[in-house]
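Each chain carries a letter (A, B, C and D) given by its place in the written order, and its residues are counted from 1.
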């Protein structure tokens, strides 16, 4: 385990930034933290987490896939793919690190999404253990240990010191790059913080929420559950939950006519939108109830069914705090699953 | 995908001098969808048009772009060419490369480049053009004239003479309007009744004219060529078809103290009355507010004396429904109320009267049998003061009067002054004026006669106050030319009250969806070029409802309105302009924004059942555009938040395509 | 603290349900953490007694829900309306968006609603419970004793600049009627106007670049009730699902603000729900302020059937250049 | 657009059919020059111009947008330009509020008889936009060549 003084982090960022782009959570003018490209002097936020999840780094909201150039009546197809550059993301929380597993299973299984794969390959994740979880946190429900997040490197932040431990070869290489700026450390302080955090985690309001009732094979049990009607009745049909969600991975492919050609790009889509997966005959999800059900059935039943029991929710709590009408997966799990946490 | 032909015109050297037309044709030939592109010296010539026609056939064109002069010049020409070639005329777009390109740019490369871009925009638009067909609607060959004054009478007569049926609706028991109350008319001083009453008789006897007197329009539905109108006939308690107008009932009626509105309250009439001797229809009317029989069930004298048995105390208001192809508004004017003009003591002294009251006072059929007598005591007056512009041109006192000039007062005041001096040379007559306005044939001559031959004392200045004192009206005034204050002891003061549109006009305008200005005068479709048409198709304007007018002007406008109506009714079918708005009901919210901005009242709403995306059926309020009424301005399309409203020929996507092509 | 209590509302709603005057109640439903309250339709008294809440966190404006509720529910829907909600209610009626006869509206006074982010700024994160009384008592994982927070210090922006405590529509009013207030809601707009164009550009660039086009602002907006929004309609030419670049971000917000101009009652829901804290109300208020300054005071929703400034005109309106010059 | 190192703005002019488009024609009839950078789009009435069209022009690379209609009171459709006046005043004020140069937008009333005014207006507007330079604040980089 390596450590450095919190006050020395600027040097660490500078050292890494000499060869890779560095991103870290920085407090914005609006009071929220957001992953921001590091520049000299930018301060690592103390916020628990960002509003936008770090999935943007691998699966950005919009991304050009290919282009067509038109000249009169001729069309030329342009391959605009290029290899991603190396980058490091600092401060990814345990829940969000876990979300990359969820995304990987979608984008890295055959056929591999080359855009995603390239970014994943070139990105180094420095996770950050939690010490002050919020009431909206429930990563424990999905078996995630907030005090020991995965990632290429795990970091723990105390009052004045940052501890690092490499988990992968990529991580080890990163620590190697900054070896001169860090020193060897015992894990006592980390252990103490973990202990303390665990007692807090146990006291969280959602600490006892479980996934017992859910998982693959539960489609029949839940699909026609009468509670969907009531749960979805206030849903506005906006895309906030899906867009702040670290595991939502649906996208639409669209074309933009630039006047001189066409750009084919993809952008996040939301199963909450009435236009989602609309086909020539219309839409098979007729009302917000069906759209709402789709989202939660996907997270809690369909996805685990296809992915060895892995749920596509990591308990980050973003939808709990950001839904305009405060309807969220916890309320759904408790109502449908009969789980009173 | 369209198959587009591009035709670039040289216009001799007009275009070709600054634009390389061959380069334009060549450049546009590479645009997607263009299957044929050529240039020619004069595209509008017969040979040029023949070339277009041949090309349509040869290349199976579905759309045509002509790069030529302004569409204002030859759009119609090329649309006809397209029709002749078997294409829909609206599949033609013009790129204006003459007026807006070759003529304003001097440099050949620059002009050529711009011409190509304008051509591309036209090509982009034609891609999205769709064939348009003008809607057809039948025309009901009957006109409605609302108002039976000289304007309405003249309009009705002219329409009727052309062979069309006309109905006149008049809210008073008789037609005739204001003109029937006048004494003499300027500038010829012929008697109003002598020229009006024969027309009243003519119109009443005309086989094509029906008169609904004592009636009002209560509902208007429909649109140009197809109005459905409900007319409310007030109960007059006298059977119109039986009454002979003998007047026996009028003589016998015991209730004789009803203020006579025809004489503006200066004398009385019975509860059953005929407004004046030449009234049309000459039928008695019972005033239910004063008739003892109707109020208390006691009396019944009139029924007893009526040998024709025309009296019917049980008569009810009656509603008549009729269809019309055109509606003429001729609701006329009234003098404004003098209540707010305390300075002239109108409400304090009977000897302060309005000019219209003065008309009755000098009229042989009036309350004094035409003798000039002071209303308060019937004495012969010696000094008369006329005050002009009372409530007119009132820029500083908008809450009291009107900002506009009432136009007729200068002339009738000159007339009044002259009449007084002619009959009673012993009477001193003063006229206070701001300006004397006499822009009419023989008008200024008339005014000068009043001053020069009749010795009327015209004083430029204003009357500040009129104070009734010991049977005399103390008039305080200023003489602006001599810069002095004047004090005149007058026996009578005559106020040239401003005129305003009749009160019935505003609700009528709402029913007709015809627009009005802030003074409640009806607005014309165009102030210069369409002065007798309302912006609402099929509604026409006659007389003072559109603005202050004297009799000759009213009569000429009445004739003009009639000719417009005749032009409309002469058609069997109305062919609409197909470039009108239409609403995509699936997207319409029914919010009324579009109807709020429509200047023509072309948009109505209906509740319609829709299959919703979730397969339920819902009743939704949606906009409907009447293509026969819409004029195609497109205002509604921008007011519509959902984009449900679009305009044929200038659709959103067409304009966006033009923008895109230009900004490429 | 709210002047009318939850039990007063529940009792009244229960009475109206039981005598058949209404067949459903649109109200606020208890959440997980005392502050995450969800709009809900209550069908019977038991449901009301179980979960209906009314406290300092009941921000949701129910007017828009009436579009769906009045179509779905047989009989009348009882809706509770705060003063600002009543303006939206009227505006929707002006636009014929729901059947007034199917609604029983109860006006309730409002002392302003609390912004949970502002509460957390005082109490800290890790909220275990919140009790709304004279003050807001917040119990957290990280404080030994409850933290006491004054409602006045943690009001949502729209409540801190409340325009009216007067209900402009209701069938019945619980509690006392308030007044239209002289609010400072345009101050921030004026401050922006006083900046240089470069500063304004930087301000909006920073804020709008955060937009994730989740459409929460649009979907919560009581003025945005289009059957089909232009931004969802491929035929409109402006449809898009993502803020692909700076232009798209601006385009969406300009057009959205323009479409609701004259119809926006300034209820503030857009800013309340924005997950990225974009001050969207500053766009809507800009239009309101401009319209007030140039065409006379107009409050959308103040009365049913009024004609909004952009579907109206006078002969002597100022020219576009004058409108810009007037502000300097 | 840069032409030989010189900035040539792209100007989109929306002209109502009855007055301003005819005014532009008259400018042509009288051979009154104005820069070819001005490209005119004909609309029936100025009130047909949706703010979307204006934003679209900027998106696609226009450096200035001018809207011309009949003088107030002279609208062929009686009141269209009054609505235009309000709509554009509000839209342009909003663009200004967002920090977009106000000199890039203009409303001008040009009658069918005002060919000279049309040409003078276009000359002036082109000069004004040229002085501002390229539209950077309301452009869509995807549309750049």
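Convention: a residue touches a chain if its C-beta (ideal position, glycine included) is under 8 Å from a C-beta of that chain, and two chains touch if they have at least 3 such contacts.
Every value quoted in this text rests on a predicted model; they were computed, and no experiment measured them.
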Which of B-D and A-D has more C-beta contact pairs: B-D
Whole-Å gap between the CA centroids of chain A and chain D: 46
Interchain centroid distance [CA atoms averaged], chain C/chain D, Å: 37
Length of the line joining the C-alpha centres of chain A and chain C, rounded to whole Å: 30
Residues within chain A bordering two or more other chains: 256, 259-260, 274
Contacts with two or more other chains, residues of chain B listed in rising order: 597, 639, 652, 656, 660, 663-664
For chain C, residues contacting two or more additional chains: 230, 236-237, 244, 310-312, 315
Chain contact graph, described as a line, ring, star, complete graph or other shape: complete
Residue ranges of chain D touching chain C (in the complex, touch as defined): 51-52, 55-56, 58-59, 72-73, 79, 82-83, 85-102, 105-107, 137-142
Residues of chain A that touch chain D when the two form their complex: 256, 258-260, 263
Complex contact set, residues of chain B against chain C: 518, 586-593, 596-597, 605, 618, 620-621, 639, 641-644, 652-653, 656
Chain A-facing residues of chain D, complex: 60-61, 140, 142-143, 145
Footprint of chain B on chain A - complex, ascending: 70, 72-73, 257, 259-260, 274, 282-283, 286-287
